[in-house]
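Take a look at the following structure, please.
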C-alpha cells in the first residue's frame, strides 16, 4: 500500500495539469470527468489506506525524493500516513469526490468550466500533500498551496472586482498566519536541527518550556489564519465570492480545518505547553461565540453558513486548547460532512433561485425543492447539535473537554456559542424553506436541482446524520481508540518525562474516566441549548411571535446589533488602522521622502554639489592674465609658506 | 653685513625678482608685463652670478649666459605674438584680451 | 591549459558574434538578429555542455585556464568555474539567448543593438569565470558600457538620466573596489608572497583585521550597489523603468547577481574575519531592504518600477543568506539568485509584452487583460506566484532557506525578513489583480460584482486610466483594444523561464547538487555548523 | 693649474634620435626656402618618416646607461622612453594635423611649412629634457619646447582667440620660467653644481632626517612651482584651458601631451633624479598638488560645453593622476621595483593615444565644418557611427574603463600609490575618476542618445583616418599588451645611477 | 663698511628704485627707460661679481637689443593709444602687493638662514687671472663643458626666430601671387575684432547686402565674401586685414 501512496495526491495533480493546459481548447466539458475520475481513484486509494490503518499501528511511509536537501535543513518529499492522516484522507477525498460530482451540475455552462475542474483537483492535491506530509516544509507546501487554490477559486469569477478583492484578501490574511507559522518552523529548526516530524518529536525535550510556548504560539498563528480564528477570520466570509461548491469543499470541509489538523499533527509540541494551550482555548472560544453573534444578523445564506463555519472552527480550536484532541478531530470530521452538505444545499438553493443569495428574498422553498430541503434540514440539525445527529456527539465532547480541563468560564462561553449555532442555522433554515414566498414569482421560478447535484446531497446527508456514532459512546468511541496513538506522548527523556508524567497522569485520569453522570448532564445541556435555538428561531421566523420579532430585537439591541451585523467592524478597523496607514507610510514616507528625497536626493545631491562647484569654480578662470599670474603666485606663496613652516628648520 | 657677501646679492636678486613679479601681477599693459618678466629674469641672473662668485665656480656665470640668450629668444617670440595680436585688435591691454574665459 | 578552453569559448563566442556584426555593415536587421541568435545559442550550448561535464563533487575550480599576461604586476589570464559560478553562467547565457529572442520589438539601429547585447554577454560571462582580480575587474567594468548604451539608446523617455546614473553610480562604487584590489595585491606581497592577483592564492593569505575591514568595505560597496542593497538601490528603479525590455531582463536577471556572486567569491574568501564582524550590520541592511523594497513596491504606479522595487526586496535575501554563514543561508542566497533570474526576468518580459501592445507601463491603464490574453495571463500568473514565494515555485526555496539561515544566527532579522511574505503577496497580487484580472477601462461591471457586499462596496468597472492605444489594434464595442495573445516568439522567450521556475521550486536538488561542495568549502573558514 | 683645453670627444651616437629630429627640422626649414612647391603634404611625409626613423633609433637606445658631453646628456632607458612617448605623440599629432592644415576650419591661411618645423623643434626640446643630465639642459630643453608651442598656439593668426591663447600661454610661461629658473639658481647655490647626478651625490651627504634648511627647501619648492606650471598642476594651471581652447585643434592635441611629457620628464630628472635625497619632502607636496589638481580639473570640466575647453580641464585632471604617480616615489624597498615613474611613463604613453585621439575626433568634425561645442556632437552616432564609436573608445579610456589603455594606466598609478602607502591618494584618484565620468559620459550621451540636428558631416580626411585607426588600436591594444611596455618603462631606474660629469 | 659694500649698496638701491620705476611708471616709455637704468646698474653689479663678460652681455643684449626691441614695439603700437594705467581692480593690486611681500619674506628668510656652501669651485680670481681673465675662462668652459648647451641654445634661438616669423610676418608673404584674392571681412566686427558688433554698416555695404554691389556675396556666418577686398577697405574701422598697409 505504501508504494501507492504517491498516487493519492498525484492523480489529482495530473488531472489539474491536463485540464489546465488542454482544457481550454481541447477538453472543455470532458475535463470534469477527468478530474472526477482522478479524485475518485484517490478516494479509493485513501480507502485502502484507511483500511490498512484500521488494523495497523504502523504508519505508511513513502520516500519520493529529496526536495530541499540543504544540509541539516533536510526536507525530503516523504509521504506519511498514520491514523490521523487516514481519517483526514477519508474526509478530504470523500467530500472532494462528492463536490466534484455536484460541481458537474452546478458549474454547467460556465465559461471557466475547464478552469474550475483544473483548480479543484489542484486543491485536492494540495490538501492531500498537506495531510500526507511528514515534515514541516512539505506541510508548509501544502499549507500554502491550498491557500493558492483558495485564491484561485475565490477569484474564479475574475471579472468581478469584489471576487478579486476577496481572493487577494484571503491569500494575504492567510499569509499573515503563514508568517507566524514559518517563524515557528524556523524556531523549531534552529533549536532542534530538523523539520521532520518524528525526529522533531524525539528531540522536543531539548526545548525549554518557554521556547515550546513560543513555538506553539507561532505555529498557532498559522492556524489562526488558515482556520479563520479571531482576529484573522475576516477573509472567510468574503471568500463566499467563489462558486458555492468551492465554499463547501475548501471553506467548510477541508482547507479551513487544516489549522486544526496541523495542531493535531504537531500534538507533542502543543500539548507540552499549557500556556499556549490556554491562549488557543481562549481564541477558540471567543471565535466560536463572536462568529455566532455575527451569524445571527446576516441575511446572505452563504454568509450565515460561513460564519457558522468560523464558529465551528472555534469549537475545534477550543477543543485543541483544552486538550480534547480526539474531540477536535472528531468535530472536524462531522463538521466536514454537515457543513459541506449545508453549503451544497445552499448552492442548490441559489442555483434554483437563479443566483439569488439573500434570504430576505426567499421563503417557502421546501415545496419547490424537497430533496434540498430535507438534506439541508439534516445538515442544519447536525450543525445545531440536535441530539443523535452527528454534530451533537462531537460538539458535546468539545464542551465536556472544556469542562474537564477546568476552563469553566470558557465552557460557558461555548455554551452560548452552541446556543447561537442552533439559533442562526435554524433561522437560516426557516427563512429559506418556510414562511411566505418573498421572491418575485414572476421572475424567479424556484426549481429543484438536477440529480447530478441532489445525489451528492443525499449521499452526504448520510454521514452528516450518522457519523457521530463513530464517537459513541462519548469519550470512548471508536474514533477515540483509533486516534489514541496520535495523541499520546511517548519516548520522552527522563527528566521531561517525570514532569509531564504527573500532568499526564491527571489528564488521563480525567479523560478516560468520565463519569456517566457527567456525560448525561452535558448531553442534556447540549440538547437544551440546541432545542432552545431551534425554538427561538421557529417562534421568530415561522410563528412570527411578537416577543421574538427580529426587528424588535434588533432595534432594542441597537448598537450591539450594529456591531454584530457589521462583524465587529473588524474590516473597517483593519482598513483604517493597518491598510491605509501602510499605504500612506509606504507612499508618502518611504517612497516620496525616504527614497526620492533622502536617498536619491543624496545621490542627486552629490551630482548637484559637483555641478554647482563646477559652475562656481569655472569662474576662477576670469580670462584676465594678471589673475592667472596671481593664482600662480598665491599658489607658490602658500606652497612655499606651508613647506617652509612645516618642513624647514625655520620654525622648527 | 660689513663684508660684501652673497647675502647682499641674493637679497638684491630677491628684490628684483619680486618687484618683477608684482609688475606682472599689477600691470595691464602687455609690454610692461613683459618688461617686468625681464626684471624677474635679471633677478635670477643676479642670484646665479652671486652664487658663482661665492663659490668661485664659473657654472653660474655660464648658466646666466644661457639665460640671457634664451631670454632674448623669448623676447622675440613674445614681441611677435604682441605684434600679431596688435594687428588683429588694436590693444595691448590684457583686460581687453579676455575672450577665452571660464 | 591542455584541454579545450571551453570557458573562453563560452565567453568569447558572443564577442566573435559582435565582431562579425560590427564588420558586416551590410547585414540587415533580420540578418543581424540571426547572427546574434546563432552566437548566443553557441554560447548557451557550450555552457550547457560545461554544466554537464561539471564534476559536482569537486569543490575547487574546474576547466581552469591559465595564460601569463602581465607577469610584472602579477596579472594572469585565469579562468575557472566552480559550483557557484557554473549555474550563474548558464543563467547568463540562457537569459542572453532569451534576450536575443525577445528583442523583436526593437525597431531602430538593430545591428548596433545586437552588437551591444553580445558585448554585454561577454562581459557578464567573463565576470563569473575570471579568477584573477584584475581580469575580473576588467569584465566587471566591461559590461557597464553596453548596459548603459542599452538603456540610453533603446530606452524610453527619461533614458539619458537613467543611463548616466546607472553608469556613474556603479562606476563610482566599483572604482573603490579597484583600490581594494590593489591593496590586497600589495598586502600579499608584503607578506612575502609572489605577486599575484589570483583570488585562490590571495584567499589563502591571512590578513590583519584592520586591513580586512577596509578591503571588505571596498569590495562590499561595489557589490552592494550592484545587488542593489538598501540604501544603494536608487539607480535600479530608474534603470529598469527606462531600459528596454531585454535590458531590464538582463539587468535584473544577471547584473544584480554579480553583486551576490562577488560577495561570495571575494568578500567571503578574502576577508572572512571582517565579513563575520560586519555581518550583523549587513544583515540589518538586508532586512531593511527586504521590507522597504516590498513596501515601496506596494505603491508604485508603474509596473516596471514595481518589479524593480520587488527586486530590491528579493535581492535582500541574497545578502541575508550570504551573511548568515551557514549552509542554509548560502543555498538560499544562491537559489534566490537563480530564482530571481528566472522569475524577474520573466516578469520583465511579461511587462514588455504588454508594453509592446499598449505603449505604457502604468498599471492604471490596464485591466482585464486575461479575457483577451489568457495564455499570457497564465504565464504571468505563474511568475507572479513564483515571485511571491509560493512553495513549489522557485521563489520559495531560496527565500525560505535564506531566512532559515539568517534566523539561526540572527533571530529578529530572520523573523522580520519573513514578514515580507505578507507584503510580497500583497503587492504582486494587487499588481496581478489590477492588470490582468478585472475588466478593461470602459467595460461595464459584472451584475453580480459586489453582490455579497450588501451594497457597501460599489460595483467597480475596469481600470480607470486610459492608455494611448492609437489605431494599432481593433477595438470592441466598449472601446477596449483587442490585443493579440502572446506571439510564438514571446512564448518561446517566456515559457522556458516559467518551466525553470517551476522546476527550481519542485526539484531544486540538481541545482543544489552543483553548488554543494563549493559552498561547503567556502563555509570552512566560518567554522559554522550546518553541513 | 689651468685645465687645458682638451679636444672634446662626445659620443654623438647617444643623441641619435635627437639628431634625427634636429636634422629633420632643419631640412623642413630648408625645403620651405628652397622648394616652396613641396609645402604641405610632402613635408608631412618627411616629418612622419623622420619621426619614425627617430623612433626606430630610439629602440636601439634602450638598455643603455651612459652619459656624454660632460654628463650634460644622459642616454638611459628613461630618456629612451621619453623619446618613445614624444615621438609616438608627435606622429599622431602630425597625422591629426595634415588634413586640418589645408581644411577651411581656421580663418585665413596658416604658414604650413613652419608648422612641421616648429612641431619638430618642440619635440626635440622634449627629447632634450628627457636626455638632460644638467639643470642647464633641462632649462634649455623646456624653453625650446615651449617657445615652439607658444608659436603653435597662435598659429591660427587670423583668429583672435588663437593669439589670445598664445599670449596668455606665453606671458604665464615666461613668468613660470622665471620661477623655475630661480629654483634652479637656488639649487645651484645650495649644491654648487648643476649636474643632476652631482646634485644628488651632494645632497646624499646632507642630513635629511630632520628639518631641511630653508634655502634648500625653497629651491625644491620653486622648482615644483615652475614645473607645476609646465604640467598644468592646479593652481598653476590657469593657462591651460585658454591655450587649449584658443589653439588650433591639432595643436591642442599636441600640446596636451608633449609639453606635459617634457614637464614630467623634467620633474623626474629634477625631483626624482637630482633631489632624490629630499624625496620625503617633495612627495607629500606633490601628492597634495595631485589631489587638488585631479579634483579641480575633473570638476570644472563638468561645467564646460566647449569640447576643447573640456578636454583641457580633463587634461588638468589627468595631470593630477600623473602627479600622484610621481608622489608615489620612494616607497618600495628595492628601487628596482619602484613603480612610480614607471606608471607615470606608461600613463603618458597611454595618454598620448587616448587624448590625441579625442582631439582628433574634434578635428575630424571641424574638418567637416562643424564647431567644437558639445551640441556639435549631437546624434553623431547615427550619422557617423564609426567616428562616434572611436570617440567613445577614447573617452571611455580617459575615464579609465577597462579594457582600454586608460584603465591600465590608472591601475598602474594606483598600484604605485598604494605601494607607497598613500591609500588616500588612490581613493582620491578613483573618486576623481568617477567625477570625470560625468563629463566624458555626457559627450557619449550626446552622441548616442540625442537626435542629430546638423547635416551629416561629409568630407575626406585620409590621414586623419589613418591616425584615428592607429590611436584606436593603441588605445585598445597597448593596455592589453602592456607587459612589455611596462618592462621598458621600468628601466627608468637607470636615471638614478649617479654618473658625474 | 667697506667701499665695496658702499658701491654695491649704491648700485643696488638705484637698481631697485628703477625696477620699481618699471613697475610703477604710468607711461610705458618711462618704464622702458627705468628698465634700461636697472640693466645698467646690474651690469655694474656683475662687474663687482667678477663677471665682466656677463656685464658686457647685459649691456649689449639687454640695454641694446631688448630695450630697442621694446621701444620699437611701443612705436609700432602707436604711443598715443598706449594705455596708461595700473592693474585692474584694487583687490588684485592689494593681493599682488600682499603676495609679493609674503614671498619676499619667505625668500628673505631663506636667504638669511642659509648656510653658505663656501668656495667649492676652482675658479678663484687668481686662477681666472692666470687663465687670462673672465672672458677666456668662460669661453673655455663654453667650448668644453657647456658645448652641448651652446649648441642647444643655438637651436633655441633659431626656434625663437622661426616662431616670431610665423606669428609676425604679414599674410602677403605667405600667399603666392597678389592678383585676384578673396578677402574675408567680418561685418559684425569693427576693427576686425571679434568683440563688438558694429552699430551701423557703411552705406556701400548696405547696398551690397541687398545684392546691388557686384562681386560681393554673403555667406551664412554674416561674413562678406568679396572678389576684390580693396574695395571695402576705405575705412580702417572695419577693415579686417589692413590690406592697404601692405600695398
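Note that the chains are named A, B, C, D and E in the order they appear, and that numbering of residues resets to 1 at the start of each chain.
Here, contacts are C-beta pairs under 8 Å (C-beta built on N, C-alpha and C of every residue); 3 or more make two chains touch, one makes a residue touch a chain.
Predicted model, so just to flag it, every value in this text is computed and none were measured.
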On the document's contact criterion, could you list the chains that touch subunit B and likewise touch subunit D? A, E
From the centre of subunit D, which chain's CA centre is farthest? A
Top chain pair, ranked by how many C-beta pairs fall in contact: B-E
Determine the chain that sits nearest the middle of the structure, using the mean of its CA atoms as its centre. C
Take the average of all CA coordinates in subunit C, do the same for subunit D, and state the distance between these two points in whole angstrom. 44
If you average the Cα atoms of subunit A and of subunit E to get two centres, how far apart are those centres in Å? 97
Rounded to a whole Å, what is the gap between the Cα centroids of subunit D and subunit E? 27
Where subunit E touches two or more other chains at once, by residue number: 87-88, 92, 95-96, 99-100, 103, 106-107, 109-111, 113, 117, 120-122, 145-146, 149, 153, 156, 159-160, 163-167, 193-194
Per-residue overlap in subunit C, given as positions that touch at least 2 other chains: 168
Multi-chain contacts in subunit D: which residues touch at least two other chains? 136, 140, 143, 147, 150-151, 154, 157-158, 160-161, 163, 166-168, 171, 175, 179, 186, 189, 192, 213-214, 217-218, 241-242, 303, 438
Every chain pair meeting the contact rule: A-B, A-C, A-D, A-E, B-D, B-E, C-D, D-E
Okay, in this complex, where on subunit A does subunit C touch? 20, 24, 65-73, 137, 140-141, 143-145, 148, 151, 155, 157-168, 171-172, 175-176, 178-179, 182-183, 186-187, 189-190, 238, 240-241, 299-300, 302-303, 355, 357, 582-583, 585-587, 590-591, 594-595, 599-600, 603, 607
The residues of subunit E that touch subunit B in their complex are 1-2, 4-5, 8, 12, 15-16, 19-20, 22-23, 28, 31-32, 35, 38-39, 42, 45-46, 48-51, 53-54, 57-58, 61-62, 65-66, 69-70, 73-74, 76-77, 81-83, 85-88, 92-93, 95-97, 99-100, 103-104, 107-108, 111-112, 116-124, 134, 137-138, 141-142, 145-146, 149, 153, 156-157, 159-161, 163-168, 191-195, 242
Subunit B touches which residues of subunit D in the complex? 135-136, 139-140, 143, 147, 150-151, 154, 157-158, 160-161, 163-168, 170-171, 174-175, 177-179, 181-182, 184-186, 188-189, 192-194, 241-242, 245-246, 303
So, in the complex, the side of subunit A touching subunit B is made of residues 618-619, 621-626, 629-630, 633
Tell me, which parts of subunit A touch subunit E in their complex? 624, 626-627, 630, 633-634, 636-637, 640-641, 644, 648-650
